[in-house]
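Each chain carries a letter (A, B and C) given by its place in the written order, and its residues are counted from 1.
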Amino acid sequence: MTDTLLQVRGLTVGFPNANGPNTVVNSLDFDLARGGALGIVGESGSGKSMTSLAIMGLLPKGAERTGSIAFDGTELTALPERAMRSYRGDRIAMIFQDPLSSLNPYYTVGTQIMEAYRSHRTGVTRRQARAVAIEAMERVHIGDAARRVDHYPHQFSGGMRQRVMIAMTLSMEPELIIADEPTTALDVTVQAQILDLLAEIRADTGAGLVLITHDLAVVSEVTDHIVVMRDGDLVEQGPAERIFTDPQAPYTRMLLDAVPRIDDEIGLLRTMHTEEGR
Amino acid sequence: MIRFVANRLLGMLVVLFLVCLFTFVIFFVLSPDPAVQICGKNCTPEAIDQIRANLGIDQPFWTQFWTFLTGLFAGRTYGTGPNAIDCAAPCLGYSFQSSQAVTDMIVQRLPVSATVAVGAAVLWLLAGVAGGLLSAVREGRFADRFIAGLTLTGMSIPNYVLALSLQFLLVVTLGWLPFPQAVAFSDDPVRWFQNFLMPWIVLAVGMAAVYTRLTRANVIETLQENYVRTARAKGLSPGLVWRRHALRPALTPIVTIFGMDFAGLLGGALITETVFGLNGIGKMAADSITKNDQPVIMGVTLLAAFLVVVGNMVVDLLYTAIDPRVRVGSSA
Amino acid sequence: MSFTPTELEVEGAAGGGTVPGAPASPPAGRGAPDRPATEWRGVSRAFLRDRAAVACGVYIVLIILMAVAAPLLVKISGYGPLEFDQDAVDPNLGGIPLGAAGGMGADHWFGVEPGNGRDIFARIVYGARVSMLIAISATLLTTFLGVVFGLVAGYFGGRVDMVVSRVMEFLMAFPALIFMIAVLSALPAENRQFLLVLVISFFGWPYLARIVRGQTMSLKEREFVEAAKASGATSAQIIFKEILPNLASTIIVMTTLAVPGYVGTEAGLSFLGVGVVPPTPSWGQMIASSVPWYAVDPAYFLIPGAFLFLLVLSFTVLGDRIRRLLGEGAA
């Protein structure tokens, strides 16, 4: 057992094509302490989403990944696909941006929560899996979970769907949750609830969190360490407080200038920013 | 749900009624006087009038249409007295050229047409889905490009050209298949199969090509869906991801389109049955065109429209059964 | 076959394989009304690199030239499409053409029809006229109807849209081939080619109109249309200046894909005896009359069959390519 949950060194992701490699992530280094929360911030196209997919081993076809990703002391890049699969969902879980398209419309949310649990735990009966699903839904504060478990994704509101996605990851009790723009597709008022929920889950379970967003205001509330990326390059990183009070790179300063000052009301800040974000 | 079904049923009846009216207008307004044809060369005006009265075409349009509609549900009688001809419900008309009710003619030929249609449908569905899946799995590779070439060819070859080419190649040149001949399944199953093999292939090729492209496109598109990524992020095995999260959404629309295409097969059967000399509904319709036997053409047209409209309806209902979004949405 | 399947998808695979999430994504939401001229040039250059597409284009152009120059070609070959040549067939064998391969030779380039000895080359050449004339006229008429009704329904919406949509649904619910046969068999035999065009278009326009309607509805909401509206443009100005140019690529693709369908439909209807009336030659009708002879004189159906198949194939491949190049998901 090490103190560092996730250690990324020299991570590079590129798409080789006729004109040479097209690098989208360029030798990225960062650490996440056990139970810590890390924010990766950048505009769209900065390579932050590719970073998360690289950790999950879910890069699109044609992508090349080099460098080192150590999770709890295990080198993930060296793992064969089958072994990587036992990490996915079980020890490292991921929450995606658009909860509607990320849930399969053909199956009830219960089925989709249970399916991960049953494929990772052997000898689980349907009934047990169902109980786990309902409990997970209760933990993300979905009312009337015993009934809602049999509903289809389109019967939930946007925020509720994201809660379902979070419940899906929770059921497995993962050590690391990667959330890729979890609030971007949601209404402003719902965004705050989801962020609160993520913080609450983290406090409850002690899971590490990597929060990926274009929105500095979002990370300011949830994370303790921030990585700023631009065009695949690491711009700067450091403790959240330091990044906000004393940004080193001009680009970070520019991002901060786009956000109303941090000492403003957090709610107001979020409101103004997300309207421009989507 | 019940209201939805009732609405659909009502819509279906309206469309069928309009189809009847439309068909009736075409034949009423456009076609030459059938009485003159039936009467033949040596004909007196009195005889023509008599035939007209028997056929009921001396009546005004709406009366005739009404008689036709009631005939569909309750049957009707042509002429009066000892020469009267009964046409039992559902009466689609009476062919004076073959002295038979159109409904009976259709029913007699139904088994052959159904055999052709079902066999072809099975073939094209299997070939299309298999080809599409293979194409999607091997996207961009040789197999995919090869299948793409095959589908373009299959879509482009007119079915009668294919029929003649197959017949020339397999029967005349290579002698792999005997000359087509009507044989009952119970008499000689092998021969029966050989007879229907070419019609099945001919009717299936174009559709199989379309289904291959459709399946390929759907599967590739579905694999890009975010929920497939979610499934993989959950750590499901590739087999499970494919079966549950890619195939079901990709194949659902194909199943529903299949219903409509199957119902619309009669058009294709017309040519296929004619070329292979199979005595089905399609050949009957094609023959009636040559003989200008209008009641038969009209009867087959109505049957075809009926099948398509019912097919659409079944597909709609099927869709609500397999796609939860539609199912729940409509009941709310 | 005029193409190798291996060549077919190369261009498309390269074009379609964009990487999700990769940088250099174009700035979204900037409604670019017209395709700039440079983009069209790029499209045509990509098209010329595609050997299969070029081969198809060449074949189509050749057939059109052949149709246009029919009287001239027939003068060179020496036999007209309606001329009987009893010396070219063997009356003792039921009229089978004399000589190999259906009587092909210096005299009759593609051989002669069994029975009456009409020159197949001449009939193919004149048949191309009929096929192309009908297919192209039907395509033009369908496109016109489809664009007009689709635009009107999509742009004005409301009651107009409801009426047009209902009519389209109704027409599309019809088993089109059977209905065309029914209508054509009831119609008198005069002006058959004209009637064919009318009937084909009557059942054909909803397929284009449906797509045009959908695209118009979404274009209507775009910023540049809003801007035009705000600056006081009339509906006609908006439709012709703002919306129609944006539908151009869809219309081109749909039109190219419609032609092979109509070539096939005309041939099929003529094959069934409700299309072009003899003695006017048409490819479908030639194939129909070759049916009794297919075993003894295969050249009689193979020649028109091959011409027909290649024409449909060429248009289909071409339509496919154009769609891919213009990046349309329509149809």
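By definition in this document, a contact is a pair of C-beta atoms (placed from the backbone, for glycine too) under 8 Å apart; a residue touches a chain by one contact, two chains touch by 3 or more.
The chain lineup, named per UniProt: A = ABC transporter domain-containing protein; B = ABC transporter permease.
These figures come from a predicted structure and were not determined experimentally.
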item	value
Busiest interface, counted in C-beta pairs	B-C
Chain separated most widely from chain B, comparing mean CA positions	A
Centroid distance [mean C-alpha coordinates] between chain C and chain B, Å	24
Chain A and chain C: spacing of chain centres that average the CA atoms, whole Å	51
Of all residues in chain A, the ones touching two or more other chains	none
Overlap residues in chain C, where contacts from two or more other chains coincide	17, 20
Residues of chain B engaged with two or more neighbouring chains	none
Residues on chain A engaged by chain B in the complex (per definition of touch)	56, 58, 85-90, 93-94, 96, 98, 101-108, 115-116, 119-120, 152, 154-155, 165, 168
Touch list for chain B against partner chain A, complex	225-227, 229-237, 240, 244-245, 248-249, 252, 323-325, 328-329
Parts of chain C lying in touch with chain B, wherever the complex brings them together	1, 3-10, 13, 17, 20, 170, 173-179, 181-183, 185-188, 260, 264, 267-268, 271-274, 284, 287-288, 290-291, 294-295, 298, 301-302, 305, 308-309, 312-313, 316-317, 320
Contact footprint of chain C on chain B as seen in their complex	15, 18-19, 23, 26-27, 30-32, 139-140, 142, 144-150, 152-153, 155-158, 160-161, 164-165, 167-168, 171-172, 224, 264, 266-268, 270-271, 274-275, 285-286, 289-290, 292, 294, 297-298, 300-301, 304-305, 307-309, 312
